[in-house]
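Chain nomenclature is as follows: A, B and C, assigned in order of appearance, with residue numbering initiated at 1 for each chain independently.
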Amino acid sequence: MNLNSYGLRKFKNRFFFVACAVCVVLAVAPLVSILWEVIVRGAPQLSLNFLTATNAKDGIGPAIQGTLILIGLTSLIGVPIGILSGVYLAEYGNNHFGSTMRIINDALTGVPSIVIGITAYGVIVIGLIGSYSAIAGAIALSFMIIPIIARTTEESLKLVPNNIREASLALGAHKWKTTLRIVLPSAKSAVITGVLLGVARVAGETAPLIMTILGNRYFFQGLNEPMAALPLEIWRDSLQAQQSIIAQGWGAALVLILLVLSINIIVRVVSRGRLRK
Amino acid sequence: MTNQKNPKFFTKKVASLGDFLFKNLAAVMAASALALLLIIGYELASGSGSVIRTFGADFFVGTQWVPNEGREIYGALPYLLGTIASSGLALLFGVPLSIGIAVFLVEMSPRALRVPISYLVELLAAVPSVIYGLWGLFVFRFILVDYIEKPLNTYFGWIPIFGGPTPIGLDLFTASVVLAIMIIPTVASVTKEVVAAVPNSIREGAYSIGATKWEVIRHWVLSYGRSGIFGAVILGLGRAVGETMAVAMLIGNAQGAAAIPTSLFAPSQTMASLIANGFLEAAPGSLQISAYIGVGLILLIMSLSINLGARVMVTKVLKVKGGAVE
Amino acid sequence: MTETQQKPIQPDPQAKMQSINLDVWFGQKQVLKSINLSVKPNTVTAIIGPSGCGKSTFIRTLNRMHELVPNAKLNGQVLLDGEDIYAKNVDPVMIRRRVGMVFQKPNPFPTMSIYDNVAAGLKLTGAKKGEDLDDIVKKSLIQASLWEEVKDDLKKPGTSISGGQQQRLCIARAVALRPEVILMDEPCSALDPIATAKIEKLVIELKQNYTVIIVTHNMQQASRVSDFTAFMYLGDLVEYGRTKDIFESPKSKLTEQYITGEFS
């Protein structure tokens, strides 16, 4: 064996160890930079007025309100449908129909959000309501959250041990009662985790809102009216020339990222605590 | 629940009624995914009808985008090429990093670092697209321009892909690098699972013939997991193809033939970014709207096929053979 | 031949491999307790003992394979030709080329052909495809008594052959590096009796060129193939000597009980 080649192999071994560590640093660096910039540029904006006033008074109140309304409406539509689909896939889905729906569900998660925006535009903005509207945005976001919740619900229910189901069935409970009273509650926290992660995911979506809720400088006007939202606020502010408006965009970004990341972090902490037990 | 006359019939009926209703309600909800997908398909197909009827195949292979009334012409090719270029570049930059991260986490990282690092990498996926765009627009773009784009453009500008006027960072390169960052969590986490699923007996066999750690990873672990990793890459591609806001804010918003990607440092446009940037400029019911919807249809078909292909691949690999498909 | 435990152990100039006061911990758990054992060149040494006695761990310390387990900690020395393989400047990669290993379950590389399975180790050090490499592959397969069965299928995947053939392929893979010692960790436990008989015959042939240390669950196997036998129990080396002596007149009560099948 020649020593040279051995030296080279040893060098490669060290080199790639360092290279892989560098990959980690290169991936984490943008995250750190984003958080840092958003905080440094956004924090000076924060004030009671900024959070509650309309755009005309240098605030992003309508956008915050709009995003909260969107989250609420989307959950109202998406959570029951998503959870029930997940229940079907986990408890009854062991057949041809079930596996087809599973694939369709996966396919739906792969549909670009802008395409969902166009669909909601066609069906609701043009078709049903005839106006850019809050409800169109909520429906578009529901399209996105349903497959996510269905998937996580299915996975959580499948982790519930079968003997729990059998014990309940053996006591004479029907399958639907067993599912609703025993199975779902025992997977409760995992299902909630999935819902929250889904909410965090769609709360930051911008593209489907462009052609549905459009944006608005005023507070909520009605479900059939255009509405503001944080992601749209950030986008529109970023396109302006005035530094003061761009700064407001950073402030809105800080609020949005706090919302999204705090959901993520809370979910993490809670679900890790559960695993440790 | 008791019935004197026909207890068996009656209880069975009652028992099955609740189950019947619940099961079918759940089934209808599960079928909603299909309904949504059909609605999406129908809306895009019907919405793009007028542009496809007007221009026929030219809509797919044409390069012009002229919304001026009277001489309207719409061709989607530049944005298809822009999408392919930007997501291809995103893979080029993002995949090696993702594999490096996955390998580091599974094979090299000290135990104590494993959870925090994978957590941080996953947080990258939680940052909203529009915030990537904001950061790219006001922070990252200038770093790329100063340290990569300008030097390459100045000294290697004679190579077409680095050519063009002095870059300002609103271009294919910036968009692709940000896209690369955005797909890292997807690719890295699936690759991590694939690498972790490689049986230890293979590692042991390789170590026993005197392979170094890197050789074990390079020649055995990655080679054994290659189809799973390929699936992860395709999944990342699916994400890159459909990504909208960050790209729309960074790619320079070129239209028509100018959007055809030629130089890394020139503005371009993807299908998704074209729609986001231009949709509201079109009047409802116009041919222009139809053109945007037509572009959306191409995007839908492209991302559906990519995502389905990738999922089939990844599930097959992870479930059937724990890493290898031969 | 039994080492006395109390006196300080001297390196044995006759030994091919020797462990001196070898302790191993996995985390808090001590799995090997002061093992002293010296193995003569060109012999087959069998290591027997009930599951969990540390026999697998022990042979893994002989080519530093146990280091792949996180939290493994080792104290003491293992000498190969009188030199400590745990000395600071020694790279386990080099040791593993001198001390080859065959595992419990046949683990040919599934992504490689039969030929490449055997050639893999040589290619790592830069051996190019060609007649030399072909020659070594052929010789190794002959030494592993596999050549006749696979000579027309060298391009097929290493996993395409039967379990017994796979295990012999793994032996060929180890032999191809011309190691000095071959460690075998229960190489027949996953094989049928016919395949087992072939491997046993092979083990006896291998000692002409190599020093073989084999862990086995099967006492008949130990008595058939080995010249020396070590009996381990709960991390201790209870008794070590000529196989004949161990099986016919064990000194320790525990060894006798184990050999007569009173526990397993």
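In this text, contacts are C-beta pairs under 8 Å (C-beta built on N, C-alpha and C of every residue); 3 or more make two chains touch, one makes a residue touch a chain.
Computed from a predicted structure; not experimentally measured.
The most centrally placed chain, judged by C-alpha centroids, is B. Centroid distances built from C-alpha atoms place A farthest away from chain C. By count of C-beta pairs in contact, A-B exceeds the other of the chain pairs A-B and A-C. Averaging C-alpha coordinates per chain places the centre of chain B 49 Å away from that of chain C. Rounded to whole angstrom, the centroid-to-centroid distance between chain A and chain B, based on C-alpha atoms, equals 16 Å.
A straight line joining the Cα centres of chain A and chain C is 54 Å long. Residue positions 9-10 of chain A each touch two or more of the other chains. Along chain B, residues 212, 215 each make contact with two or more other chains. Each of the following residues of chain C touches two or more other chains: 93-94, 97, 124. Contact residues on chain A toward chain C in their complex (touch as defined above): 1-2, 5-6, 9-10.
Residues 91, 93-94, 97, 124-126 of chain C touch chain A in their complex. The part of chain C that touches chain B in the complex is made up of residues 63, 65, 68, 70, 93-94, 96-97, 100-101, 103, 105, 107-111, 120-121, 124, 157, 170, 173-174, 177. Of all the residues in chain B, the ones that touch chain C in their complex are 111, 199, 201-212, 215, 219-220, 223-224, 226, 324, 326.
Interface residues of chain B facing chain A in the complex, by the touch rule stated above, are 15, 18-19, 21-23, 25-27, 29-34, 36-37, 39-40, 43-44, 46-47, 96-101, 103-105, 108, 117, 119-121, 123-124, 126-135, 137-140, 181, 184, 188, 212-215, 217-218, 238, 241-245, 248-249, 272, 275-276, 279-280, 284-285, 292-293, 296, 299-300, 303-304, 306-308, 311.
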